[in-house]
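Chain IDs A, B, C, D and E follow the sequence of writing; residue 1 opens each chain.
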Amino acid sequence: MQKQDKQELILRISGVNARKCMRCGKCSATCPAYDEMEYHPHQFVYMVESGNIEPLLSSDSIYKCLTCFACVERCPRDVQPAKLIEAVRLAVIREQDKNHMKKGDLPELLDEDLPQQAIVSAFRKYTK
Amino acid sequence: MQSEMIKRAKELLASGEVARVVGWKAGEFDYDITPGVFTTAEELDSAFLYNDLCEANLSKYMIAQSRKEGKTLVFLKPCDTYSFSQLLKEHRILRENVYVIGVPCDGKVDVDTVKATGLTGICSMTSDGETVTVKTLYGDSTMSKADAMSERCINCKSKKHVVYDELLGEEGDVVADNHRFDMVEKIEAMTPDERFEFWRNELSRCIRCNACRNVCPACSCEKCVFDNEQSGAFNKGASDSFEENMFHIIRAFHVAGRCTDCGECSRVCPQNIPLHLLNRKFIKDINELYGEYQAGENADERAPLNTFTTEDVEPSIVYERGGKQ
Amino acid sequence: MQVKETNEFKPKIVAFCCNWCSYAGADLAGTNRLQYPADVKIIRVPCSCRVNPMFILRAFQRGADGVILCGCHPGDCHYTTGNYYTRRRMTLLFSMLDYLGIEKERTRVEWVSAAEGAKFAATMNDFVATVTKLGENKRLEDLRCKAK
Amino acid sequence: MILSYYPGCTLKTKAKDLDRYGRKSAEALGITLEEIPDWQCCGGVYPIAKDEIATKLSSVRALAAAKAAGQDLVTLCSACHNVLKQVNNDMKTDEEIAGKANRYLGLSEEYHGETNVIHYLEMLRDKVGFDKIKELVKNPFTGKKIGAYYGCLLLRPGKVLKMDNPENPKIMEDFIRAIGGTPVIYPMRNECCGGYVTLEDKALANKRSGKVLENAKDMGADMLITACPLCLYNLNKNTDGYDVPVYYFTELLAEALGVKD
Amino acid sequence: MQKIGVFVCHCGTNIAATVDVKAVAEALKGEPGVVFSTDYQYMCSEAGQNLIKNSIKEYGLTGVVVCSCSPRMHEQTFRKAAQSAGINPYMVEIANIREQCSWIHKDIWSATEKAIILGKAAVAKVQLNAPLTAGESPVVKRALVIGGGIAGIQTALDIAEAGFEVDIVEKQPTIGGKMTQIDKTFPTLDCAACILTPKMVDCAQNEKIKIYSYSEVADVKGFVGNFTVKIKKKARYVDEDKCTGCGICTEKCPVKNVPNEFNMGMDNRRAIYIPFAQAVPKVATIDANYCNMLKNGKCGVCSKFCTVGAIDYKQQDTIVEEKYGAIVVATGFNPIKLDDFDEFAYSQSKDVITSLEFERLTNAAGPTSGTLLRPSDGKHPHTIVFVQCVGSRDTSGCGKTYCSKICCMYTAKHAMLTREKYPDTDVYVFYIDVRTPGKNFDEFYRRAVEEYGVHYIKGMVGKVVPRSDGTLMVQASDLLSNEQLHINADLVVLAAAIEPDKSARSLATMLTASMDTNDFFTEAHPKLRPVESPTAGIFLSGVCQGPKDIPETVSQASAAAAKVIGLLAKDKLTCNPCVAQANELMCNGCSSCEKVCPYGAITYSDKEFRMPDRTTAIRRVASVNEAVCQGCGACTVACPSGAMDLKGFSNSQIMAEVDAICK
């Protein structure tokens, strides 16, 4: 896929207009998973806008987003960075054999208190 | 009633209080009753009529009559008084020159309604208040008066006079539960294509005789826009002109908020086009969107198109409500 | 000038704009280079309340496919109250047109302030699209509805 | 008053208490919760992507079922609430999504977001009224300093969920007052506990839940209440040694109303 | 039939790039009445105007059509040119082929086609134009200034200086506005009070200036040169003429817990109060919401202590009616409410404050007598975080889409002054962009960084977490180092966006002056007429038109005054000749037009007419007062007979335009 096509794909899946960003960094200021991420929310926005998608696709950052929507809620420009991160992740896991979590991984991750909600959520987030 | 009316008219003429009397007299046929002006007791005795066939609304004549020397006596049926009152409100009639006697009405017999039952060759019609006897070239027949009344009388909106100097007979009441909007609702319930088809059938019969305009009490302009070269609507003689094409809708809009729903337009139409259904649509919309309003009823109330509230509905409401899709 | 051959339907649209708000809004759309179809032709009037229903009917009778009337927002009329009268007149007129079986989407009233260049352009784009979808105006050319 | 009810999968398994106490309390408050027939799991997280249709269908079915019953739809689990409200908003405002979803489902009547989805807390606030609850409380939590833990799913995105001010909510605080407790307002109450990431990154979840507990403890909370099984799990699993017990808010409600057996 | 000349303007490439101007000129040659048609580079230039003038003479033109930019731009220009060549200025019509054609269309073919149609419509209209003569109306030589902040004060002083009477209406008990609450002004760091209060005193002492304090505008009628304004003087329960401002009542009043708005509610005042020491007028006011005497008739302390008997518990609101020739709007601004920004914990912590509150905390007349202390515990803060753009440049719906303009500079000022007075304080400023386009502004900001050691960090604060020890954990991003920061602060200062005063919206409605979507008043032209409203006779001063700092406000205030003086210096104004006219022969006398006229310009009289049959008749007919009519045209549609028409926009003219467009 060409660089531009990837960018278009991300923008289409997310429905986000990255050009609205005024680079204030509030998304990254508010992100609870900031320290765990290699690329931070504001970088997702900037890199998608400039078409620099490849590093994002191969970064573990896409599995660190908690989808807590703090960045969406607090963005003064209504950019919705979480939607972009979700789109990048989907672009990865929708490829064949790119599921982030395999069925076999599961048993050892479970404990007896873990609510179903966590498992179905993780499946939805990590697999296709 | 007729004799009572003649008696009062004679008294007022004799005392000099009024100079003339506007009432009804027979026309070409005895069922074809027309307005008449009477200045002597003799004329009254010989020609004055008041019966179940006196349909004409006399109020409009008072625009001219009230500007004549001396007072004019006019007999007005309840619904005519609404038109009269509306004309007073618009300063068209000089009230001080008119003596109004309100006369009762329990519905008038309409020759077109009778014809519509299939009777032809009608020579004369009489009504005793209950039954109508129709003499035709092919023999007599009778029918109940209700069957011979026009739609506007069946759906009478008021038997109460809103303006008068004196009353003869018993005063009635506003008829609150009339069904005059039923047909409008029926048209509204049609699809746009059906509506268009309906009006195409009706309006395409128009021959532009101007009878509706001439009889309408609200169409009392000194000079009609259709006769006024500067109005932009003036285009005499061209059959596909703006004037010809848009005549009825413009006329309906011009009388919107002023039309009392007297129904004279439909009565006089030689092509039997139900023109009153245009006016009633405006009346119904005004009632629903801006609150109940009866033109002519209240002398102080502002006409709905000459006032507003800041909370009025937006024109886009037509997309939401309007007629059926 | 070369003539472009085209078969696609181009509607004729008349837009009445009040001088103080909507005409200025249209100018602002121009200043900001906000595109809308050339099918829209604007007639300047001092206030939306200057627009006589006759003008709208005339436009249709002469072959317009859509007529839009733009004025100041209610409450912001340069003449204080003009657009309130417009609102009533046009509501009743549009309702009557609908009653006659004419596509109600061919007529519209929109309030556009002098600051709303973007709204003006968006409104015109939307209106042109709506009217284009309806196609050529056939019914409103003759309200006696004599078949065309 | 009869309302449709969507319990969700977790409430049928690991979070039975949240459900059980919720139902008992509703009964005590004069509300009948009718579980909608044949509901399916909402999926746990809202499918954000514009082109995700299939993953939204289970929610649409539940919403359409409530529409058929002509009732508001009550959710209790924060996650279900979040998913159903967001999908409902899509069905109402996004023609493309609604069109596709309706074509997939082929319902007898198209669904366009007609159902009113409310969280159990909104039901308490808007349908019952906290004043009425106050009257019905038998065992008030007098003197208890209780922190409300909203997490992220209950409030955000604020423009869609429209539950409360997403940055300074008060619905749970009002609830705490209604059952006689003293609410402790602490700013981390609307920050994420670590969510589903707990599955593969325990350290991240521990860090996030620790921040919440630290702040709650610091501001003087004796206990926390939540509406979310996953929040409860993450907070309970925290190993940083904050001694703040976490309960489902329905458990406290049931106890206050005297219907906890 | 008119003899019409058509002039198609290229406007450089503005028109000519998208419209084939030659084709337009050529096509319009064939229109009825057109005797001359040409195109030219710039019609508005002197050469272009001369082209029009010479053609009028050469071809004996009676009407002119200019296809050019919007008539709002150059209609006057071309009318004047036509007039100087000897034809009536109202015989000129403009076809707007720039704003409404070349600038919005890309396709040359369709733009040209449209330009031709617009030209044809203008030609069709000119055919029916008639020469119009404008009437005149007198000018009331008195101005009204609404709002008594620095903008209103400066405007009033300048108008008075020119010898005209001017009234100030101020809704607060004192004039002075927001500037009275400010401690120092950037970039010179003058004491705000020291430069403002002398101007306030000048207003009070100037014979030409009358101050209506604690008053509001209740109603506005009329038009340029002739406004009639109702001013509501709110009851202050103190006789302004008797009160000496001694202040004894404000010390004796037993109600002590009224939040003091002058100090942003950070301390209390009494129920009877004088806002601050230098108030003008220096008169006490009773706050009816708190006064025991007014609430339940029990107290009367102030009345007992007042030595001049100024207290009047029975005082009522009164309405004063005045006439003005011009009105200046100077209604100012307020910081926005921060309810939607609680991630900064403004409502959860007393130590999260707005910049205006900070201003009071550093002011000698403020709640801490000028010592910077935390509102929560009165301790000296050691770490202060300033957050810029709180609610500014916000398109999410929570805040304002615009830049509030003043925040960058006042934040630099706050940061600098803090570091100067308290060098032991760490000061952080989180910014998105630092905007300092003013004289000595950037130097000022750089001084804060370079000389005073203020930490400017590019990034935004995401969350403020108050803790039990009184500190505020500030979580923020540092975009340049790509880090998330956690700062333990003692005080957080939010640079809240500013918005027009809430009263402006209803005032705009009364004045029929237009506003933008943010409720700022719009100017007649953003570049060339920045201090005038499009509504004649209404002028704009200060922030009511858009965010401004003090020097800009003062400049604009004086500019507005200059415009007012220019207007008041005239004895008569030329009226708009495009007014309604009743054709008496067709008038029914029905009064419909009179009912819809917003100006009361239509009257009726009985007139005698000779009828076609040689008799005479007396008829009731309408007539229009041309000096009062503003030309909206409402009456023309209300008139059923078409007797009422509008000059310049007549029925037949508009119909002709419609026909030309639909052809």
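The definition used in the following text is that contacts are C-beta pairs under 8 Å (C-beta built on N, C-alpha and C of every residue); 3 or more make two chains touch, one makes a residue touch a chain.
Not measured: the values here are computed from a predicted model.
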Farthest chain relative to subunit D (centres taken as mean CA coordinates): B
Comparison of A-D and C-E (more C-beta pairs in contact): C-E
Intercentroid distance (Cα basis), subunit D paired with subunit C, Å: 49
Distance between the centres, which are taken as Cα means, of subunit D and subunit B, whole angstrom: 67
Length of the line joining the C-alpha centres of subunit A and subunit E, rounded to whole Å: 46
Residues of subunit B touching at least two other chains: 225, 231-233, 305-306
Where subunit E touches two or more other chains at once, by residue number: 343, 397, 463, 596, 638, 651, 654-655
Sites on subunit D at which at least two other chains make contact: 167, 191
Chains that touch, pairwise: A-D, A-E, B-C, B-E, C-E, D-E
Contact set on subunit A toward subunit E in their complex: 20, 22-31, 34-35, 40, 42-43, 70, 74-78
Subunit D - residues contacting subunit E, complex: 159, 165, 167-168, 185, 187-188, 191, 215, 218-220
In the complex, subunit D residues that touch subunit A: 8-10, 13-15, 41, 43-45, 47-51, 55, 77, 79, 152, 155-158, 166-167, 191-192, 194-201, 204, 208, 211, 228-230, 232-233, 236-237
Touch list for subunit E against partner subunit D, complex: 339-343, 345, 347-348, 397, 463-469
Subunit C-facing residues of subunit B, complex: 184, 187-188, 190, 192-201, 203-204, 206, 225, 231-233, 240, 242, 244-250, 252-253, 256, 278, 281-282, 285-286, 289-290, 304-306, 308-310, 312-319, 322-323
